[in-house]
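Next come two complexes, and both contain chain A; in the first it sits with chain B, in the second with chain C.
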Partner chain A sequence: MKKTIFYVLLLIFITAAPFMFPAFRTQLATLWLMIVVSMTWDMTGGQMGYNSLGNIFFYGTGMYVAAIICIGLVHDVGIYNDASRSEIMKFTDTQYFVGAIVGIIGAGIFCAITAVIIGYVTFGLRGPYFAIGTLGVAIAAGELVANWEWVGGGQGIALPVYPGDLDNGKLFFYFLFAVSGVVLFIFLKWLYGTRFGAAVNAIRDDEEKAEAMGIHTLRYKLTMWALAAFFVGIVGGISAFQLIHFEPLETAYQTINLGIFMVVCVLLGGKGTLWGPIVGAILFHVIKEVTWNYLLGWQWVALGALIVVTVVYFQDGLMGWLMHKKPEWFGVRIEKKESVGEAS
Partner chain B sequence: MSTIIDVQGVSKSYGGVLANTDISMQVEKGGITGLIGPNGSGKTTLFNSIVGYHPIDEGSIRFEGKEISKLPVQSIARLGLLRTFQQTRIYGAMNGVENMLISMPHRKMRFMDSFGKNSKADYERADMLLDFVGLYEKRFLKSGSLSFGQQKLLEFAMALMNEPTVLLLDEPTAGINPTLINGLIDRLKRANTEFGITLFIIEHNMRVIMNMADKIYCLAHGKMLASGTPGEIQGDQRVVDAYLGAH
Partner chain C sequence: MDQILGNISLLFEFPIVNLKIVVDGLMIGALFALAAYGLALVWGVMNVKNLAQGDFVIAGGYVAWYLAKLGVPPLLGVPAAFILMWGLGWVIYKTVISRVIERDLFTSLLATFGLAIMMAQIMNLLFGSDTQSIQLQYDTLYFFDGFVDVPIAKLLGVTMAAALAAGVIYFMKTSRMGQAIRATAQDARAARVLGIDTEKVYSFTFSLNAAICGAAGAIIVMVWVIQPFYGITYSIRSFVIVTAAGLGNLPGVIAAGLGIGAAEQYGAHIFGIGYQQAIAVLLLLLVLVYRLIQQRRLRQSLK
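Up next is the complex of A and B:
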C-alpha cells in the first residue's frame, strides 16, 4: 500500500516536473536519457557481470537508424544528406511525426538485432577483454559511419525541426524520454523477478557454475543485451530528433562522454540494483551540471576526480553501501552470533 | 543394470604430463560407482573429460549411448549429466532458497518459460530438498556466510534440484566435519534410492566409499589400476601399494 502511494506520487511528479520547472525542460529530458542509458548499462554490467564500454554503439546507431527511416519514408536518403544539395527538402507535420515514431521504434528493433550479432562474437570475451572488445566496436562504428557519405559522412545528419511551438517541442521530447524511462523501469522490475533474472544473476556470480548447471548462458546473455540495446536504440532515436543535427564522432558514437557517463552513473548509484542506476544518474547529472556551470575550465578535472574517488573508495555505490549498512532493509539475513541468540 | 556412462580408451595430457592414459570404465545406471586413487592420479581430469570441461586427446565417452566427448559443458549438463565441484561452488551473495531456485532445470524449460516466475511447487521442492540436506533452518541466510560443510550440502541440494540423471560428485566429504559425514553418506544413498539418481563419486575417504559404492575403480599415475567390488578393491595388493607409495 505504502509502495503504491509512493509510485503514484512519483508518477505525478514525473508528469508535473516539466510544468513546475519550465526553464529546465531540456535538462530534465537529458536527465531521463541518463537514467535510461544507466539502467540499460546495469542490465549487463550490474546484473550479468558483463561490463560493456560499447553500449554507446547502440545510442549512435539508434540515432542514425531513426533519422534514416524518417528521411527515407519521404525522400531519397543519399540526396538528402548530400552536402552540395541546393534544393530544399521539406516534411509535413504528419510526415514528421510518423517518421519520428516509426524511426524511433525501428531504431530499437535494429539495435536489438545488432546486439545479438555483435554479442555472438564478443560474449566469448570475459572481464576486461569484453569491455575493450565492445569499446572497439563502438569506436570502429563511429569511424566507419564518419566515412559513409550516404549518411552524411563526417558532418552528420540534419533532421527537420519540430513543427510548431518550440516549447511544446521540448515537452514532446521530455515525455518521449520519460515514457521510455518509466516503461523500462516497470519492465526491469518485472524481469528481475523472473527465472530469467535469476539465471542472469547466476551468470554474473559464477558463469562456470551456471554452465555446469545446464543454464543456456549464451542464449540468456544475448537476450539480455538485445533487450538493453532495444531501449538504448529507442532513446538514441529520440535524441536524434531532439538534437536536430548530429554528427558521428562527438554526438552519436560519443564514447568518451555518454559512453563513460553511463558507467559512472551506475557505479555511483550502485551496480546490480534496480534503483542504483536511477539514483546514480540523478546524482551524476546534478554534479555534472554544477561543475560545468561553476567550475568551467576545470569541469573535466572534477569529473575525473569523481570517477577516481568512486572507483577507488566507493565501488559498491550508494545503494551497495546502504545494502551493506542496512541489509535488513533489503530482506538480506546474516547469521546471528551465538551470544545474541542466548541473550534474547 | 545397463551402462549409462561408457568411457573407452580415453587419454588426456597437459603438455608433457600424461594425466589419463587409455582409461576405460563404465558407470551402471541406477548404481553408485566410486573412483579412487592417490593425489594426482588423474581422477579429477577424468571427471572433467566426462563433463566436457576440456577436449580429450583420444578415446570415446558415451552417455546413454550418445557420444559426448566433443560436446561443451552446457550441452552435456543439459543431457542430465551434472557435476559438483571439489572447490564448492555456490552463489555466495544469495540465500539458500535463491540458490535452489537458480538451479531449476533450465534444460526442461522452453525459452519463454524462463520469463515466468517460480511456481509454488518450485518453492516447495526447494524447501523439501533444503530440508533433505538439513539446511531448512538456514534457508534465508546469505549462503556465503554458511560454513564450508553447509555450503557443500547446499551444492548437493542444488544438484538434486536440477533433477539430473547422473550426478558426478568430486570429493563430497572433503572438508566436512566427521560427525556430519555419516549423515551425508545416508543422504547420498537416499538420493540414489529415493530419487533414482545414478551416482559417480570421487572420494578419498575409504570408509565412505567402501560403504556406499557397488563398484569401485582405482586410478594410479593416470592409468586404470584395478576395478571391482569394494571387497575386491580392499583386498587388492596393487591398490594398497599405490596408496602407500610402493612404486
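Up next is the complex of A and C:
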C-alpha cells in the first residue's frame, strides 16, 4: 500500500515537473535521457556482468536511423543531406509527427536487430575484451559514418524544427523521454523478477556453471542486449529530433561524453540494482550541471577525476553502500553471527 | 568506389609504390611496437589493461616538443621524456594503479580510461589543440628515382626506437630487477614467497612502461605530428598488437607492430586518409574476431 502511494506520487511529480520548473524543461529531458541510458547500461553491465563501453553505438545509430526514416518518408535522403543543396525542403506538420514517431520506433527496432548481429560476434569475448571490442565498434561506426556522404558525412544531419510553439516542443520531447523512461522502469521491474532475470544474473555470477545448468547463455545474452539496444535506440531517435542538428563524432557516437557518462552514473548509483542507475543518473546530472559552468575548460579533467575516484574508491555506488549499511531497507535479513555458525 | 579501384590498380602499375608504403609502414610500426611492448609488460606483470597508454605517448611527445621550444637540442628530448614520464608513471601508479591491481579487470580498464580523458584534456589546456611537431634540419634520402623517400630524421627515429627496445630487452634478460619482473609475471604469489617485493616490481614496471611510451612519443613528435586527442588511437593500436601477438611473445609484438604499421599505410592509401583511424579500430575488431574463432575451436572464450 505504502509502495503504491509512493509510485503514484512519483508519477504525479514526473508529470508535474515540467510545469513546476518551466525554465528547466530541456534539462529535465536530458536527465531522463541519462536515466534511460544508465538503466539500459545496467541491464548488461550490472545484471549480466558484461561491461560494454560501446552502448553509445546504439544511441548514435538510433539518431541516424530515426532521422533517415523521417527524411526518407518525404524526400530523397541523399539530396536532403547534400551540403551544396540550394532548394528548401519542407515538412508539413503531419509529415513531421508521423516521421518522428515512425522514425523513433524504427530506430529502436533497427538497433535491437543490430545488437543481435553485433552481439553474435562480441559475446564470445569476455570481461575486458568485451569492453574494448564494443568500444571499438562504437569508434569505428562513428568514423565510418563521418565518411559516408549519403548521411551528411562529417557535417551530420539537420532535421526540421518542431512545428509550432517552441515551449510546446520542449514539453513534447520531455514527455517522449519521460514515457520511455517510465516504460523502461516498469518493464525492468517486472523483468528482474522473472526466470529470465534470474538466468541473466546466473550468467553474471558464473557463466560456465550457468551453461552447465542448461541455460542457453548466448540466447539470453543476445535477448538482453537487444532489449537494452531497443531502448537506447528509441532515446537516440528522440534526441535526434530534440537536438535538431547532430553530427557523427561529437553528438551521435560521442564515445567519451554520454558513452562514458552512463557507466559513471551506474557506478555512482550502484551496479546491479533497479534504483541504482536512476539515483546515479540524477546525482551525476545535478553535479555536472551545477559545477560544469564554473570549471571553464577544466570540466573534462573533473570528469576524468570523477571516473577515477568513483572506480577506485566508491565502486559499490550509493545503493551498494546503503545495502551494506542498512540491509533491512532492502528486505535482506542478516542473522546474528551465532545462528549463521549453527546453520553452516 | 572508382577511386578505391584506381588506388588499387596504381599499386600494380607501379610496384615501387608498394615499397614506399611498406617502408613508411615499417617505420611507424616500429614506434607502435614500442608502445605495445610497454602495454604487454604491464598487462603481463600486473594484469592491468592500460587504456591511457596512448596518452603517455602523447605526453612524452609534448615534453620533447616543449623542451625543443625552449631551445634544447631535439635529440635530448628523448631521454628527457623518458625520465619525466618515468616520474609521472610512478605518481600515477602510487595514486591510482596500485589500488586497482587486485580488483576485477573492468575496474582497471575504466580507471585508466578516466586517466586517459584527464590527461588528454590537461594537455589540451596546457598546449592547445593544434597539431605540433619538431622540424629537424636533416636531408631526405631518395631511392628508385625519388619514388621512395626516406627522411634521415625518420631513420634516426627508428634507430633510436630499436636501440631503446634492445636496451629494455637486454635489461629484462640480464638484470636482477628484470628477473624479478619476469618472476612476478609468471606467478606473483610464488614470487612473494621467494622474497621478491612485488609492490616494488609493480611500481617499477608501470614507471618503465610510462617511460618507454614517453620516449616513443618524443620520437614521434620529431617525425610525425602529435595532438592532445591522438592518444586513444595509439592505445587502440597497442591493444591490437598485444591481442594479436599474445602476452609474453616479444618477437610477436615486434612483428605485429610492424605489420599493423604497414597494413594501416595500405589502408590509408587505398581508402583515403580520412579512414585511417577507422582502419586502426577495424583492425582491432578483425584481430579480436580472429582470436575468437581460434579460441572457439578449443571450446574456450577470450578472457
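Here, the second predicted complex is superposed on the first by the 335 of 344 C-alpha atoms of A that agree within 3 Å, B and C clash if a C-alpha of one lies under 4 Å from a C-alpha of the other, contacts with A are read in each partner's own complex, and residues count from 1 in each chain.
Please note the rule applied: a contact is a pair of C-beta atoms (placed from the backbone, for glycine too) under 8 Å apart; a residue touches a chain by one contact, two chains touch by 3 or more.
From a predicted model like this one, the values you see are computed outputs, not experimental measurements.
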Exercise. Taking chain A as the common reference for superposition, should the pair chain B and chain C be classed as clashing or as fitting?
Worked result: fit
Exercise. So, does A:Val286 touch the first partner chain B, the second partner chain C, both, or neither?
Worked result: neither
Exercise. So, A:Leu295: does it touch chain B (first), chain C (second), both, or neither?
Worked result: neither
Exercise. Is chain A touched at more residues by chain B or by chain C?
Worked result: C
For this session: Pick one for A:Gly124: touches chain B only (first), chain C only (second), both, or neither.
Result: second
Exercise. What angle, rounded to a multiple of 10°, is defined by the Cα centres of chain B, chain A and chain C, with the middle one as vertex?
Worked result: 80
Exercise. Which partner does A:Gly193 reach: the first (chain B), the second (chain C), both, or neither?
Worked result: first
Exercise. Which partner does A:His216 reach: the first (chain B), the second (chain C), both, or neither?
Worked result: first
Exercise. Looking at the overlay, does A:Asn201 come into contact with chain B only (first), chain C only (second), both, or neither?
Worked result: first
Exercise. With the two complexes overlaid on chain A, what is the closest approach of chain B to chain C, counting only CA atoms, in Å?
Worked result: 6
Seminar exercise, completed: After superposition on chain A, the chain A residues reached by both chain B and chain C are none
For this session: Using the touch rule from the top, collect the residues of chain A that touch chain C in their complex.
Result: 51, 53, 121, 124-129, 131-133, 136-137, 139-140, 143-144, 146-147, 256, 260, 263, 267, 297-298, 300-301, 303-308, 311-313, 315
Problem set entry | Of all residues in chain C, those that touch chain A in their complex | 49, 96, 99-100, 103-111, 113-122, 124-125, 232, 236, 239, 243, 272, 274-275, 277-278, 281-282, 284-285, 288-289, 292, 295-296, 301-303
Seminar exercise, completed: chain A partner, complex, touching residues on chain B are 51, 72-74, 77-78, 82-83, 85, 89-95, 98, 101-107, 109, 111, 113-118, 138, 140-142, 145-146, 158, 162
Problem set entry | For the chain A and chain B complex, residues of the former touching the latter | 191, 193-196, 198-199, 201-202, 205-206, 208-217, 219-220, 332-335
